[in-house]
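What follows is subunit A paired twice: with subunit B in the first complex and subunit C in the second.
Up next is the complex of A and B:
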């Protein structure tokens, strides 16, 4: 069941945004308060809790030894998974991942994969047979809008916090040394900025209320060198080309702020 | 907002003399415990609990309209519970989604909490309790029930009492309170107990392992003693949140 936004809210929020203001007092390109903490789950090899406003996500990283995919036998594997747990919002239901959850996982995955953030070649142990599989599990605890940016920021923070055991090969057998933990090999960093189109404007980091009335949203993943590595449009309304280009400029500017939370 | 989240080991304070327990606790000593009420924005009530290395979050929604007709009760509310472990909460990644163990724990938790709640005041509705284990270290079902009670109180749901749970058992031949993960796995017996502390009535009881009748009675008494200690912390969490003395 999707919550219904009253027409009067839609009109007043839209009018305010057309004047360059927002209901919570932010400017159009301002994030809510952000916090990132790492190393919060001892049982996970890497973890982070991230908050953007009241939106809260816990991310844990678990490595496992597994077999590579047949088409990429010489590189490691990573998988991104998210759970919109029913405690996070009154309209989240228990059960297998729904389309929102799958979209969130896939968009986060894409930023990390296409940005070539994890050095997957270093995760091969016996090429063609045994590789590290890195599981990125995102647990959405409190949903108050803009899960995309919180997930991307948190996943990156957790990856940077990750230490994996040393794996060596003796007589074709993998030997894992839990005493010698090493940082997960990373090439770069990526974060994501989401903008919602409301009225004639683009607003950065839409709140739950703003997501309820937005016509469309666009999420843009940017690497620390400024390269764009993923993009996702959502929502029922269309964008104009100029709006997309403006969103890219805005994203490149805002991601610089986000990178400061994961030095 | 979870303020008390810890990212280092909670230290056991006392080194009990001659303790046979691997973490140095006395036989009737709990692991360090912290509870915080009202930690989530969206949920009607919530609580976060750290108990040793357990990190558990509980949230309550309701009383609200019950949309599954066949489970609806025309004369009272139904308290539903979902216990879930995060994939990263245990040593070997747990596959997401319910398994047989979490389904059983969900059912028992619901039955442990129900006697304390005035369900008859909310006919045709549901009260939904969600428990998320973020990090597990033995005794998560008890931690979940304890946190869920605080979340129910935080949601303002009328209750006869705040249910509290604690385990006792036998490890290294000794009857001990609040088994750690190691004691749970390697020990001889595990007896999780939930009570309503005002009357001492038992709302959850399980046992696995082997005990004589005398040992069982000792374990049960010890678990109840643990419950009474935890109950004090539950009430403190609610007082901290709502500022009463």
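Up next is the complex of A and C:
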């Protein structure tokens, strides 16, 4: 359920954006203040807390030994999950994950999977039998718009912070050495930029108020070499071809800024 | 024996006084001790001690004027969000009289109305009405939200604060008791008023606020004027080119 936005707010915000200004004084392509902390949860092998403005997400990474999927027996497994904690917003309800939660975890997952960020082949221990399974769990603590960028940035920061125990094979048995932790094998980095279409303009990093009145949004995940690895469109209005091309240019530019938070 | 001074900030459980005092709002009595129940400011009137909360939710009271948002159009009434734990209802009979008309055409979801609380019953069902001067639907302008306890501060003594803001910015400003404020004027002035209102909200518990706000308004408006001048000059240059 979307909260109802007052008609006069819709008009005043749209007028302001058409003039190239925003209610919080940002320019159209400016992010809110971003902070990334890693290693915030001692019990998790990797963790991060990300804030974009008042939006706040906590991410924990847990590795576990498990069986690979039958169709990919020689590579590791990773899963992404998100939890919209009721305290984060009045319209987040407890219970099974809803549409928004599923979308958020799938889009984050897609960026990491299609960008081939985790070197899954190195996560196989006994090919076909035992592999590392990496669980990425995202808890939304405070919701003030633009969860996608915060989730993608946080997941990446947490993955880079992750250290997994060394696993060796002795007589067909897996032996885990918790004394010798090693970094999770990563190939690259990815972050995401979300743009909302309000009036005829694209605004980067929409706030909660702007998300309430946007016609459509597009999120673009970019790898550090500039390759696009994920994309998601939301909202009921369409995008023109030129707008998507403009969004891609903007995303390439803005993701460069975001990469600075996860060196 | 009194342990605090007027306008001290206290936290829940803090002992305010012992013995011969009355426990007012926001306090409770533990034997002969009076303790604070809230985070807020102490207010001492004669021998009555109360605590004004720093933040609060609006609790509807008969006779208040409030700003509300239509959330649902029903068969013979509108549901109204009045920025409170209790939602309000606006009966169609109050708007149309005995006439029957299309409800959606009068007020639709997302409209902002200025209303009076006609009645609050024992289950906190809030009946709203539109009878009175200046009540009705707002067109244009912006909405600013503050915490309802700061409303008296925004208005000031006999309206001193609010009138000063209106005079300086030439904006229309309407304050609802529920903490919603409607501002209409030139778009850049609306933003100035929004900024000023937010400052008042964060600094409401400090003294000498009206003077500081006056200084702030003058500064903001000077800057605004400079910007306008620059824009004019830019425009002239463009014309020359």
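The criterion applied here is as follows: the second predicted complex is superposed on the first by the 262 of 263 C-alpha atoms of A that agree within 3 Å, B and C clash if a C-alpha of one lies under 4 Å from a C-alpha of the other, contacts with A are read in each partner's own complex, and residues count from 1 in each chain.
To be clear about the criterion, a residue touches a chain if its C-beta (ideal position, glycine included) is under 8 Å from a C-beta of that chain, and two chains touch if they have at least 3 such contacts.
Keep in mind that this is a model prediction, so the values were computed, not measured.
In the superposed model, A:90 lies in contact with subunit B only, and not with subunit C. In the superposition on chain A, contact of A:16 is made with subunit C only, not with subunit B. Within the superposed three-chain model, A:40 lies in touch with subunit B and out of touch with subunit C [touch as defined at top].
Taking subunit B and subunit C in turn and counting the residues of subunit A each one touches, the greater count comes from B.
By the touch criterion stated above, A:142 is placed in contact with subunit B alone, subunit C being left untouched.
By the touch criterion stated above, A:8 is placed in contact with subunit C alone, subunit B being left untouched.
Counting contacts by the rule stated earlier, no residue of subunit A appears in both its interface with subunit B and its interface with subunit C. By the touch criterion given at the top, residues 1, 37-44, 47, 49, 51, 54, 56, 58-62, 64, 81, 83, 85-90, 94, 96-97, 135, 137, 139, 141-144 of subunit A touch subunit B in their complex. Partner subunit A is touched in their complex by these residues of subunit B: 1-2, 5-7, 9, 40-43, 46, 53, 55, 57-59, 61, 64, 67, 82, 84, 86-93, 96-98, 128, 130, 132, 134-137.
Residues 4-12, 15-16, 19 of subunit A are the ones that touch subunit C when the two sit in their complex. Residue ranges on subunit C touching subunit A, taken from their complex, read 69, 71, 81, 108-112, 138-143, 182, 187, 190.
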